[in-house]
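Below you'll find the structure, written out as structure tokens, and then a few comments.
In this document, chain identifiers A, B, C and D correspond to the written order of the chains, with residue numbering beginning at 1 in each.
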Amino acid sequence: MIVKLKRNANQTDVTHLKEHLRNQGFELHESIGTSYSIFGVVGDTASFDMRSLYAYECVESVVRVQEPFKKVNRKFTQEDTIIDVNGVRIGGDNIVVMAGPCSVESKEQVDIIAKAVKEAGAKILRGGAFKPRTSPYSYQGMGVEGLQILKEAGDKYGMPIISELMSTENIDDFLQYVDIIQVGARNMQNFHLLKELGKLDKPILLKRGFSNTIEEWLMSAEYIMAGGNNNVILCERGIRTFEPYTRNTLDISTIPVVKKLSHLPVIIDPSHAAGKWDYVESLSLASIAAGADGLIIEVHHDPEHAMSDGAQSLKPKKFEELMTKAETVSSAVGKTLER
Amino acid sequence: MIVKLKRNANQTDVTHLKEHLRNQGFELHESIGTSYSIFGVVGDTASFDMRSLYAYECVESVVRVQEPFKKVNRKFTQEDTIIDVNGVRIGGDNIVVMAGPCSVESKEQVDIIAKAVKEAGAKILRGGAFKPRTSPYSYQGMGVEGLQILKEAGDKYGMPIISELMSTENIDDFLQYVDIIQVGARNMQNFHLLKELGKLDKPILLKRGFSNTIEEWLMSAEYIMAGGNNNVILCERGIRTFEPYTRNTLDISTIPVVKKLSHLPVIIDPSHAAGKWDYVESLSLASIAAGADGLIIEVHHDPEHAMSDGAQSLKPKKFEELMTKAETVSSAVGKTLER
Amino acid sequence: MIVKLKRNANQTDVTHLKEHLRNQGFELHESIGTSYSIFGVVGDTASFDMRSLYAYECVESVVRVQEPFKKVNRKFTQEDTIIDVNGVRIGGDNIVVMAGPCSVESKEQVDIIAKAVKEAGAKILRGGAFKPRTSPYSYQGMGVEGLQILKEAGDKYGMPIISELMSTENIDDFLQYVDIIQVGARNMQNFHLLKELGKLDKPILLKRGFSNTIEEWLMSAEYIMAGGNNNVILCERGIRTFEPYTRNTLDISTIPVVKKLSHLPVIIDPSHAAGKWDYVESLSLASIAAGADGLIIEVHHDPEHAMSDGAQSLKPKKFEELMTKAETVSSAVGKTLER
Amino acid sequence: MIVKLKRNANQTDVTHLKEHLRNQGFELHESIGTSYSIFGVVGDTASFDMRSLYAYECVESVVRVQEPFKKVNRKFTQEDTIIDVNGVRIGGDNIVVMAGPCSVESKEQVDIIAKAVKEAGAKILRGGAFKPRTSPYSYQGMGVEGLQILKEAGDKYGMPIISELMSTENIDDFLQYVDIIQVGARNMQNFHLLKELGKLDKPILLKRGFSNTIEEWLMSAEYIMAGGNNNVILCERGIRTFEPYTRNTLDISTIPVVKKLSHLPVIIDPSHAAGKWDYVESLSLASIAAGADGLIIEVHHDPEHAMSDGAQSLKPKKFEELMTKAETVSSAVGKTLER
């Protein structure tokens, strides 16, 4: 951490500041130039609230030079984390595709879609039973019954299932029925929820909030890992920008950036990023080429009547075409998409 | 709602679309130009998920022309809502200032600050007992004990208190100790929490998420009101943009925009927007001049040693100066800031 | 400037880096901690391209601690710059209002509007003769004839005039007819244009690009001042964000931020920020309360038939009401708006 | 175009609005619901300034349903445009790579780099002679001499050249020495420049401004085509967002979106998007997989001493590795990268 002092800083204030920093156990290295003076603050600054120093009038700016995340950090765990979900390995050299409907609507619907995506090569079944909707008047999901339907289809077709958890109150149901617990973009900084998930050993797929920086995202992963749960999968699903043609802007650069900063696997959700099904294929292939560990894709056999997100859902035939192309691109970058 | 069809749209698909819309109880008005055709969809489209229509291949674009919020909407409630919190009226022609420390740290700390802000003219005491922190290693707050300390100070100085709730598990404690429940920016779309708050009749201060649109913010207020709780106070605290000089960008325009769209009171939080105490005064005066109903400001007598947000906290003397100026600007725009 | 090295940095590479920095005339101060090493680089780093150091493989991050702007910097010129435009003083304790139509359309139109804004208390007449339009099919302005019309009205009503210059080819015409040359948001980083304006001594009003940081904006002002022209007026007109209710998001915080960083006057354009006339009054009063030196406002007597920006133009009666309120708010913050 | 009227709209105002629209040659189709009324406005609304209607008090909102671009629009030109630059075809099924230094620094430097990129398979040589720099104190480029150096190397190695034009004053030099004229991100809405380029028949590579929407970008292409120059190549180079880990956020979705909206070729610049050389490979492969027509990449044999953008320049060996992978990914998506 670097602290730059103001010109003409009050010396008593500077003395207080130095004392305060030394009291935290830090060592100070001063650099005094002709026009400014600077301290290098050395020690375990990762868990120190850097902004707090602005309360000192003598401080002009404070700059972090050490990442604030530890367990997530590749500096401390150099090998890629591979997470085994009932035999499906996420991370490493294989590409895993998770697919299924946005919302669970009925047993029949899930069965049709699960069968189709399994045949096309998806390894994990997705489906929402608790739905975060902008409007209180929109469809809110089937709840626990939806989880049971998913589980049944997962058992029938041999696929682990993933579903979104919105509240700590439902943790027990998720432990019973679900193989990967998804934390949605809107809950990425629901710290109460993250702490509870840190106490489990179930894999967690943590979506990036649509306006959160990569650093904040990794800090939310750190919350889960700090609690003792190391099974964290990161999922980029598009960020909010000024561009209206897409629902969100897929931040494809997160793939190389996160791969450099962290050892955790990275999955891409092209469906929510694009918001329209006809861009999903292009974004999926790009994600694999950029180095992602997998995809999570919305598929529906009758999107016109889907309870949610029909606009961005692929029909099974289109999904199968995508899987064929995804397999080819995976090989081109030295990865394997088993189907 | 307006639906524009693609050129060369498949007629069977168009027929299905029309049927689907009529099945929802909508009336259709067609406009057919030389180069495109359009439907006006008339009916209660506020609660209809407009994006779902993109699942039809014949649809090129869908545009909402009716706001999706109802109870929050000024069209249906023309008079300003005024919320009475133990005799302090929020909304209308008076300016209310809420002030206090970012975090409750001790009984003594709260007492010193409460006394100071009361004398300077603040009507409501703020203080955080459950703190949403980006890092799991940062100070997380005193919890229920913090609420008790706040309540004691509130009773002593005759000030209602406001504090942030992070989880439904603590609702009972908040009902007992707190007069206004604050929903923080990161929980603005924690729909599970909003639904529970809709069942109370305690006033709720709903902060705008730092990347949420005004429409989404009003929809979150709609969640609370749809549940039956009409006591919603909106709070703008800055949005996330590309500009690094301020912690967030205060969206001052929300004031006239929300006043036009809704009847709910609007409070501004200049402390979190600015992120540095020396911009707080300027933003506070601007907010009053723009038509806000009040302010919520962080004050600390010893910001250098504050457990959180020392950088953006005003010292009591500076806060008093601000209150004097705020009183003058309030008069200049025909409002009253009673002290 | 601070340079942080990677762990396990190659020592030959580090030696090359140090040589390179010393060759630029910098002094190096090293801080070596247990887990990282850092250099403080001391000297005139303002004009050094900091990002270039990332080309060294040993470099993990580079952080600037000195502002890259000099002539614009309040550290080197502590007193507020006041710019005298034919007797109208911009900066200091007076509030100056510039008003007029978006586009010059005819002699009669300008005459009607100039008379009205003069009577309401505006000191400077604005009007566009060369119009930057997103579409090649939109109205592009009257050109030089428009400038002549403005000048005539300015002479008749005793008002200096301001108009936007889009190309160096028209500089001579602007020198002849215009008192303040406006650089539009889209040309804020048209460096060829800025360099030419640096050679003049005519006042320049430099609008902030709708996606430029405050630092970039000040660097563009630095271009003009580096060329020798010190008469720079900064103008904030809203930035681009994700919020669609307003055309742009007025960044009100620029006022205290720029006042701290620079000695140059700051003018606010609420018309372009809001994009709708009914938000203009609220944003104008906020700007004055926040500490702006003045406003630039679009006024049209017949906005329904305006060639451009009718949506955000005030009618003369509404403008007069605004001026009355603006005068009161100016007094409330210790400034004077002479009418 | 759809116009929605306010509830209780003044009927005289509505009559004026209708007259005004009919005077523009438009046909009106009314839809009157129980709670609102709407007009469909039919005719050539592409060149009509939609926002102007907000000047009518009766208007609540105006929504465009027709794209404002014509010559650029795929609806009117269904086949992909292929641009032939001295035998190198841009567009269609081949992937073209443009490479070279950020700045031309000397004859030797350009010769070394041109030789290396040619051998690795690049078809077009890039290099900057006029440099847009944020700081007036940074290196500004070699000017015309730089163009001559580029041309000489282009002739020697059989590569057409591309360079950025910053001012209309240099058009003659560019016509003489350059094969593709690049318009930089900061000049994307320099309409004076675009108009002049519309009069040439030289290919233009139009970079997207870092905060411009796709629609604005296509409208700038429309400026060039409206002037008569159909040889426009679009280039995405990253947009400005809140994320600081990358210099810009590469908007990979522009590829499928623009391919749907327009027939023009799309090139990606991963170097400026990433801002760091180690992300360039990942973004390049992603771009090809997503459907781009080519890449423009910065290469330097001695990036530590480059005059600009050393941080994001690949060394020749790294570039060659990238080209090998790019060739494989091109095949995987059915395209050809000839080397």
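Observations, loosely collected:
One rule holds for everything that comes next: a residue touches a chain if its C-beta (ideal position, glycine included) is under 8 Å from a C-beta of that chain, and two chains touch if they have at least 3 such contacts.
Computed from a predicted model, the values in this text were never measured in an experiment.
Comparing the CA-atom centres of all chains against that of subunit C, the greatest distance is found for A. Each chain gets a centre from the mean of its Cα atoms; for subunit B and subunit D, those two points are 39 Å apart.
Put simply, the C-alpha centre of subunit B and that of subunit C have 31 angstrom between them. Our note on geometry: subunit C versus subunit D, Cα centroid distance of 26 Å, whole angstroms.
Annotation for subunit C: residues 211, 240-242, 244 touch two or more other chains. Taken pairwise by the contact criterion, the protein chains are fully connected, each one touching every other. Against subunit C, in their complex, subunit D makes its touches with residues 16-17, 20, 46-47, 49, 51-56, 68, 132-139, 166-169, 186-187, 189-192, 194-195, 209-211, 216, 219, 222-223, 226-227, 240, 275-277, 300, 303-306, 308-313. Within the complex formed with subunit A, the subunit C residues making contact are 2, 4, 7, 27, 29, 31, 33-36, 38, 40, 42-43, 60-61, 63, 65-66, 75, 240-242, 244. By the touch rule above, subunit C contacts subunit B in their complex via residues 211, 213-215, 239, 241-246, 249-253, 255-257, 260, 273-274, 278-279, 282-283, 285-291, 325, 328-329, 331-333.
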